[in-house]
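Take a look at the structure below.
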Amino acid sequence: MQSIRTDLAVEAHELSKKAAKNASEIDGVISDVEKKGNITVTRVEITNENGSRALGKAQGTYVTVDAPDLKYSLDTYERTCQTVAEEIRKMAKVGSDTLTLVVGLGNREITPDALGTCVVSKLLVTHHIKRGGENDIFGDNISGVCAIAPGVLGTTGIETADIIKAVSEKVKPQLIIAVDALAAADIERISNTIQISDTGIQPGSGVGNNREGLCEETTGVKVIAIGVPTVIDAATISKVKIPEEMSPLMVTTRDIDLVIERAAKTVANGINLALHRNMTLRDVESYVG
Amino acid sequence: MQSIRTDLAVEAHELSKKAAKNASEIDGVISDVEKKGNITVTRVEITNENGSRALGKAQGTYVTVDAPDLKYSLDTYERTCQTVAEEIRKMAKVGSDTLTLVVGLGNREITPDALGTCVVSKLLVTHHIKRGGENDIFGDNISGVCAIAPGVLGTTGIETADIIKAVSEKVKPQLIIAVDALAAADIERISNTIQISDTGIQPGSGVGNNREGLCEETTGVKVIAIGVPTVIDAATISKVKIPEEMSPLMVTTRDIDLVIERAAKTVANGINLALHRNMTLRDVESYVG
Amino acid sequence: MQSIRTDLAVEAHELSKKAAKNASEIDGVISDVEKKGNITVTRVEITNENGSRALGKAQGTYVTVDAPDLKYSLDTYERTCQTVAEEIRKMAKVGSDTLTLVVGLGNREITPDALGTCVVSKLLVTHHIKRGGENDIFGDNISGVCAIAPGVLGTTGIETADIIKAVSEKVKPQLIIAVDALAAADIERISNTIQISDTGIQPGSGVGNNREGLCEETTGVKVIAIGVPTVIDAATISKVKIPEEMSPLMVTTRDIDLVIERAAKTVANGINLALHRNMTLRDVESYVG
Amino acid sequence: MQSIRTDLAVEAHELSKKAAKNASEIDGVISDVEKKGNITVTRVEITNENGSRALGKAQGTYVTVDAPDLKYSLDTYERTCQTVAEEIRKMAKVGSDTLTLVVGLGNREITPDALGTCVVSKLLVTHHIKRGGENDIFGDNISGVCAIAPGVLGTTGIETADIIKAVSEKVKPQLIIAVDALAAADIERISNTIQISDTGIQPGSGVGNNREGLCEETTGVKVIAIGVPTVIDAATISKVKIPEEMSPLMVTTRDIDLVIERAAKTVANGINLALHRNMTLRDVESYVG
């Protein structure tokens, strides 16, 4: 049982192993690590109830892409986009007939919570072009993509999950990709880590603490969740108990605006490459800026 | 038949009268003007098919609130908010049990088209508070308000009207208020004029040229449309024919960022006062910043 | 000797008294507290070298204006503006012939460091109007105000103090008011506290850690410094030693964008009222938006 | 004598030739055109008083880089950056000992006027690194670069030229590069054209109509001016005389935010490549984002 809050399965796994002391293995959790140059891909699979309880996460696959110098290297950026695209494709089949709804969660007015809305603004959205039959410029390279940034409960007055369900029922996608900012336990994770999971989004996770979850059970559509840690909970690093009314406090980096911009570009282009199969990163960047 | 594009019924009326030459009256159009200090309220009622054809607008009531020094005077600002609130209340009954969905149309990335999204960010949204039973702080002063900024077709891939209908079917409001930036024919209208109408929004109107309309026929809910002119169509003032591919051109004012900010504040607080009946402007400003 | 970092003299004083244990008084530090309704004004005067060493601050007067519900109440906002104006006037004589240079320090790209640039954008700047002889609209109510937001070393490549000195030598003001975001020790200070001091700005203070100071000795002009705490140093609340390379970490509030907006408005209008003596807050708000 | 306002020498030349009717040549104006794939480089040299009067521009060299699909093609973007860099290097010798002050003119709050401030935020600024002796990471590849965005008269109260002169006297650069948004006569020029000239900036040019010029005579330092047309003067396209008080009107494109972003990136990286001689575009993009 950990009191440290993290939305990353890979951190929850490490903390669980530490808590279990001698145990290097936890029943119901399989993990493996793959190195791709300076990029590390960690796969954590939670396969049963015990694993789920131990890590405090839903059963499913959580892939963490760690790219330590994402911030400074174009080369790392390009290979990270490709890696994100590959991992998405492993989780979902996307053909030229597939319609995907990308959902950018979070509050655009609060910088560390703006990742999702930022990603949505960098997508190559095609649903209206394909429907209009004007997709000659793209040919069969593209699948259908639509996207919304539904806002947060405090500014809409509506449960975010309700807006997404309503739109999903109307446009009937075969896949939902939900993007959100996450909280991590380790400050070094901020800006270098992307988590991709096939479990959807659980209630209470994310920087803004989503009240309701977003997953296949609630939407009837497969949901891939993609997140990037942008804050550490103040409680995690604080030496004194932070009182309840201080919960609005957050720990983040001074260059969070730049971090969000870069992470959003990487995630957005990872999604663009996954969904528009024969396009190169350069093609995609030409269209979306 | 006019070739000058305007979203304002009051301008369409003037242009029609000019086109009809001697005719000071057009069958099916009733208009009257009321002065409230330096604020002028013009009511144009289109009562039959002939009036609708002559003005190129749907039948219904269009109220124009003109406040020439809105930009410089706090006093004018306050009385304009009150006037907008009164006109909304004349068009729709709002009790403490009413749920209103406010829709902020337009593209937040294009300044003159951002009015709607800007208004949404300045509303006193209450639906979640009332549902949660935590409305002790407000008492019976407030009605239920929820709000979305659905984005535009080019960035979502989804018809904006479809998103609004989907959300409306989910939250079941008794009233929709749709806010959008408008095109005017007269440059002096920019920033000084607010149009409120009970006809909803017609296809092809607005700065971004909404493809589908938004009205009681399509949503099943009464729709009040509120708009502020922020651009003049370049075609309106141009001496040479502007080629089709130049349509992205627009004429606006250098201080459009400030104009949008002030107009959005006036419209938002007009809506806030209309829906939260016993609150003062000062109360409202305390809550929404 | 405290290891907790704070830019607030009032906090440094409390910490010094605690460190000195039984000592309720420190030689060279005089402080008194005045209540004005819900606003608390604390004056800390550092009168000798011993006081300066004990508090780690230059000799001079530090006035702290605490307004706990600044965030929610228009009434508190208005009285806080007046209080800030009064305290500025106590520190500097301003007549209609005075020229004041207001300097907005900090990095506008980093939200919690953007206070200074934000204040500058809300000032009633008059130097060019007075020089142009077009000040009929204002009459004798206004003094001369000019303002710059010089940027930070990392984005200009120039020491900020050098830019300010260069501009000051060119425009020759009688007074400089320098505005900056501060670090506090107590999280409750964020957003509710304004510090006004006649000592100028010391090297190493401020959110962005100004490398050089800005004071009468270095500029030849009286410098009033105004600051608002927007962050807590992560080191202050951390239970583990935060490594050097993590120094970019900061602790702030989730609603920091709103906090900056409100604090900037209060400080800017405090300055406006101090310098344009016969204007009301309402007048000032009409001009600067 | 033309009544059409343009800041582009290449347009002024065309208009003069038209006005002179049969004259294909104007005494004192030499021009030549070079094609580099889809990029067109036009050099207009004004060599005497007659040419200066005919075109309404100072004597000197004006290079126009036209890249029609700058907006959509990464390849065009990269070659345009290189071309801008080459043209800057032809106008000024830059060695590793050179210190260049880049000045971003214009008002960041008015989108079409924000080009200069936008460029400044994308520069690889090195003066403080070289002075600090920490330039191991860059080696001899870089020259000294510092940069300011001085603001505009209306918000600073200070003549922009005075701020620049003051800072220039303090940091003593060997070269000033001044970047500003321009007005063009032809709407097709918006977003596709970059003008580079060795004449500095003349009074009355630029979107915000700089009141004082900025050139070698006034600063004592060689001034290269770089501009991109972002607006057309409303008077240029209007069929009716636009009254004086309507001068704040401007004609621009709906996607001006995107246009500014792309143009600023191209100009900034052109400058970066010109000043940091052995760096590749990719290197530069790694550092500045």
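Chains here go by letter, A, B, C and D, matching the order in which they are written, and residues are numbered from 1 within each.
Just so it is clear, contacts are C-beta pairs under 8 Å (C-beta built on N, C-alpha and C of every residue); 3 or more make two chains touch, one makes a residue touch a chain.
Not measured: the values here are computed from a predicted model.
S.K.: Over the chains that touch one another, what is the least number of steps taking chain A to chain D?
M.R.: 1
S.K.: Roughly how far is chain A from chain B, centre to centre by C-alpha average, rounded to an integer in Å?
M.R.: Their C-alpha centroids are separated by 37 Å.
S.K.: From the C-alpha centre of chain A to that of chain C, how far is it in Å?
M.R.: Measuring from centre to centre gives 40 Å for this pair.
S.K.: At least two other chains touched by the same residue of chain A: list those residues.
M.R.: 109, 258
S.K.: Assign the assembly's chain-to-chain touch graph to one of these shapes: line, ring, star, complete, other.
M.R.: Per interface graph, the chains form a complete graph.
S.K.: Looking at the complex, which residues from chain B come into contact with chain C?
M.R.: Within the complex, chain B contacts chain C at residues 72-74, 258, 261-262, 282, 285-287, 289.
S.K.: Inside the complex, what are the residues of chain A that reach chain B?
M.R.: Touch residues, chain A against chain B: 109, 120-121, 125-129, 144-151, 153-159, 162-163, 165-167, 169-171.
S.K.: What residues of chain D sit close enough to touch chain B in their complex?
M.R.: Touching chain B: residues 109-113, 187, 234, 237-240, 242, 246, 248-258 of chain D.
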